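Common to both upcoming complexes is chain A, partnered first by chain B, then by chain C.
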Partner chain A sequence: MNAATLFGLSGAALVGIGLYGFVTNPEPLRKILAFNLLGSGVFLVFGVVSRRAAASGLGGDPVPQAMVITAIVVAFAATAMAIALVLRLLQETGRSTLGADSPGDTDRVSGNS
Partner chain B sequence: MPEANVLPDATTTDGALLVLAIVSPAAGVLLSFVLGGQYAERIAAVLLPSGLFLASIIFVDVWRSGDRLIYIVGDWTPPLGIALRADGLSAAMMMTMAIVICAVAIFALADFGTRAGSAEARAPFAFWILLMAIWGAMNMVFLGGDLFTLYVAIELLTFAAVPLVCLDGRAETLQAALRYLLFALLGSILYLVGTALLYGSYATLDIVLLSRRIHMEPATLVAAALMTIGLFAKTALFPLHLWLPPAHAGAPAAASAVLSAVVVKGSFFIVVRLWFDVMPGMLGPAGAQLFGGLGAAAIVFGSVVALQQQRLKLLIAYSTVAQIGYLFLMFPLALDTVSAELQSSGALTGGMLQAISHATAKAAMFMAAGIIYAVLGHDRIAELGGVARAIPMTIFAFALGGVSLIGLPPSGGFLAKWLLLEAAVATGQWWWAIVMLAGGLFTSGYMFIVLSRAVAPSGEPLKPRVAVPRYQEAAALALALTSLLLGLVAFGPVDILQAGRLESMLVGPR
Partner chain C sequence: MTIFAVFDIGLVVLILGIAVSTIAARDAFAAVIGFVVYGLLLSIAWVRLAAVDVALTEAAIGGGMTGMLMLGAVARLRFAGGNDISISLPVRFATAVLCALVAAGLAIAVLSPPDAIPTLAPMVMENLAQSGLGNPVAGVLFVYRALDTLLEKVVLILALLGVWSLAPDSVWGGIPGLRVYARRSSTLTFLAQLLPPVGIVVAIYMCWVGAKEPGGAFQGGTVLAAMWLLVMIAGLKRVPSIGQPWLRPLLVVGPVIFLAIGLAGMVLANAFLAYPPGYAKPLIVAVEVALTLSIGVALGLLAAGPLEQAQQQ
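This part shows the complex of A and B:
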């Protein structure tokens, strides 16, 4: 197993763990953490793609590196925004959960204003 | 791979307009932050109409030449650089969105305009900035020439759309916004995984280059599936629609109109780009039937739930869920039975026309609902009695929007459904025709419920809680009329949707 395969598998594992955490955890904060884990996995995959496509003399393909920097910035901004929303929700309601109304519960939603 | 037959992608004359369409909203957003406060509104007042002007120039350009506008950013050609391309689909959608956003801006002057002398507030400041950001992000979605640019565009769109949901800062809207953001984050990260896999396999994400290199293999299939699921979550296609009704119904009226009419079309447009342009031959009959099946389920589910709603805004939001379903019926209908490829045929035109007519009609309906809410102080459907006498123009706009959703002639919805039905008959897929006709019946059902209550006489004459400015009603009515008269484009520029399509570029020497 060469380094690229190892990192690729690690990336895949991170994506899997993150996805599992995102789907199963009901709490927004944990979902946000899982999203970041998932994101790290994707960034690692981008790194592997860059390394694998390395031309002679170059350490890696620069295009995926440029993409991954952009993607990290986007993920950072997304996390900041999600955290800001959770904090504001905490200030307004005193709890940071989406409450009993899990995303499957549309009846309660239609009941409120 | 046969790189030799790649058409030289070069900047066309007027290609710089495409850059302007993306840069000017971004400049407006930044300038608003720098100048602050009441300037945001003034900047938007200058930029949004000029955006409409820009979109019409691009529209006319593409229509006249029947070919794409291209701009190669920094003269670095793909795969290393980024290309911006405007084909017929982009031009038509840009034009529609510019019209809708301008109408929404006029409508929003009443709610988010700052009077002379009054202190500046946060909500209007945020609203105008977000409106410009949405406009810029949508232009980027329509013009982006590679899948990673589209990823950035769809993220910008999400970041602009989520705060619109919770502009008033109530706890319910914060929850709706958070739920929307979580769905959107999952969607975007799945899309990103797909782009990584595609780049790993083909070493480019440029749509034109990729469409030539791509072939059926496990990595491509996984990438396509992940990207599609991610985009479905952002488009709120059944069963990933759960975030949409609370988010769209809870937002202020002007924001709801933008979210329902404009934002969901962004991710839908990328689905179209992905399957019609990047890999037209990969969806196959089974995949196309699956897309259509999800669309049909959305139509039935959204309509049935809409029929049960007690509140007007939630009814309209569920109607959006149903109408999104129609957009996905075009996939099985556009599939050529012989070559098993998605064709840019009448079904594609019908589907895009459905997106356009839904955008105008739904924005008008949300604005009308906002006016009704302002006048009555509530939007309970059972207590709408007498409202048609108080604000006849608004109810008329609402009804005209409904006419387009149902698909009565001469509305845009009629032409769209006609084209889709024609494709269903031509390809012998009668079951989609049944779904479409049933959806029309459901739509007339919930429109009838609302309108019959609205025109019913009330015991005592209705006293409006606030005086609604005439231009607000006019903005809603203008959009509804646009949607109604959209069917008349059958005699005009409907063929622009086929202009500069990729297949026509591939076959035949040019």
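This part shows the complex of A and C:
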């Protein structure tokens, strides 16, 4: 097994780990973190695609690499936005979880999930 | 070769172990610290995949900036209402099985590559010389897929607008709630005085060298943002209110110059975001310089977080 396949398999495992954390952890902040893990697993699989397509004296195909750079930046922007939403939720409700305790809040709160 | 194989296996074990620990950790603070370490290890994996540009971005953004944002959030959420939702063991087990299936599906795709692996590398290299750039990734970012890069910067600004818009009415136009640790003559103050000059030179170098070697506007801008945040956190400079007249032009100067050159391309080179022959490299460097500034300000303000104080008169 070469290095690219090894990293590809770990990328696949990271997607599984991230997805599990995203589904099972009730805290929004931990969900965001797990979602970032999931995303980085997908990026790693992309990196393997790039590495295997090495040609013309390059270590990898630059097109998927450039796409991953764009993806990391967009993921950061989305994370910043999501964290701001969580902090606003805290300001509004005093809680950091997405429970449905008070019926009045249900619609607005679950709308952010 | 074997030493590299051992290194790779060790690296993958570490990455997976830390990934599991960030999910399993009870304490959110421990999880975030794990995530920062994970980002740095992942950037080593990117170097091993011969993608140094991605490695720099992952270390700067994936580990550093995201980690900082999350640490800030953890500090504010520390005394939040408790988490009383518990998920039963059978549900956890079923989720684990389904997630393992997803991972297995991806693993099968990784293990069975197509016979003829498609690659755009020869096409990239064929035309790269015309642009005057030496770094193929920069070539893709600023020549072949320039629209993606332009929109990516716009996404950053939109995210920042989104974060600002979440502020309550009373603090609109106010100051982001970055925590400041101003204690006189501490190590932090010393570092905040020592590092910025070095950091600014590194940022300029990264931006300049990005045309030829791994680096570029994004990595340079992140270093600038980190230096700015360091100075603000140490309390040497105040966090600016978002209504400052210098701040908003700086935020948009990069995308605006990029867009202006793109539109000029419609007249001079017959296509949107095309560069006139012979002027590609100077134009790209000009765009990169402006973008570095804008990215630095945008990232710094995104990391500084939502608005918390009203502007003081």
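Assume the second predicted complex is superposed on the first by the 98 of 113 C-alpha atoms of A that agree within 3 Å, B and C clash if a C-alpha of one lies under 4 Å from a C-alpha of the other, contacts with A are read in each partner's own complex, and residues count from 1 in each chain.
Rule of thumb we're sticking to: a residue touches a chain if its C-beta (ideal position, glycine included) is under 8 Å from a C-beta of that chain, and two chains touch if they have at least 3 such contacts.
Small disclaimer: the values here were computed from a predicted structure and weren't measured.
Of the two partners chain B and chain C, more chain A residues are in touch with C.
Of the two partner chains placed by superposition, only chain C is touched by A:16; chain B is not. Judged by the touch definition given at the top, the superposed model places A:52 against both chain B and chain C. In the superposition on chain A, A:74 makes contact with both chain B and chain C. Look at A:37: by the touch rule set out above, it reaches chain C but stays clear of chain B.
With both structures placed on the common chain, the touch criterion links A:87 to chain C but leaves chain B unconnected. Residues 15, 45, 48, 52-53, 61, 63, 67, 70, 74-75, 77-78, 81, 85-86, 88, 93, 99 of chain A lie at the contact with chain B in one complex and at the contact with chain C in the other. Contacts from chain A toward chain C in the complex involve residues 3-21, 23-27, 29-30, 32-34, 36-37, 40, 43-45, 47-48, 50-63, 65-70, 72-81, 83-88, 90-91, 93-97, 99. Contacts from chain C toward chain A in the complex involve residues 4-5, 8-9, 12, 15-16, 19-20, 22-23, 28, 31-32, 35, 38-39, 42, 45-46, 48-51, 53-54, 57-58, 61-62, 65-66, 69-70, 72-74, 76-77, 80-81, 83-85, 87, 91-92, 95-96, 99-100, 102-104, 106-107, 109-111, 113, 117-122, 124-125, 136-137, 139-141, 144-145, 148-149, 152, 155-156, 158-160, 162-163, 166, 168, 218, 302-303, 305-306.
Chain B meets chain A in the complex at residues 79-80, 148, 151-152, 155, 158-159, 162-163, 166, 169-172, 174-175, 177-179, 181-183, 185-186, 188-189, 192-193, 195-197, 199-200, 203, 242-243, 245-246, 250, 305, 309-311, 314.
The part of chain A that touches chain B in the complex is made up of residues 15, 22, 28, 31, 35, 38-39, 42, 45-46, 48-49, 52-53, 61, 63-64, 67, 70-71, 74-75, 77-78, 81-82, 85-86, 88-89, 92-93, 98-99, 101, 103-104, 106, 109-110, 112-113.
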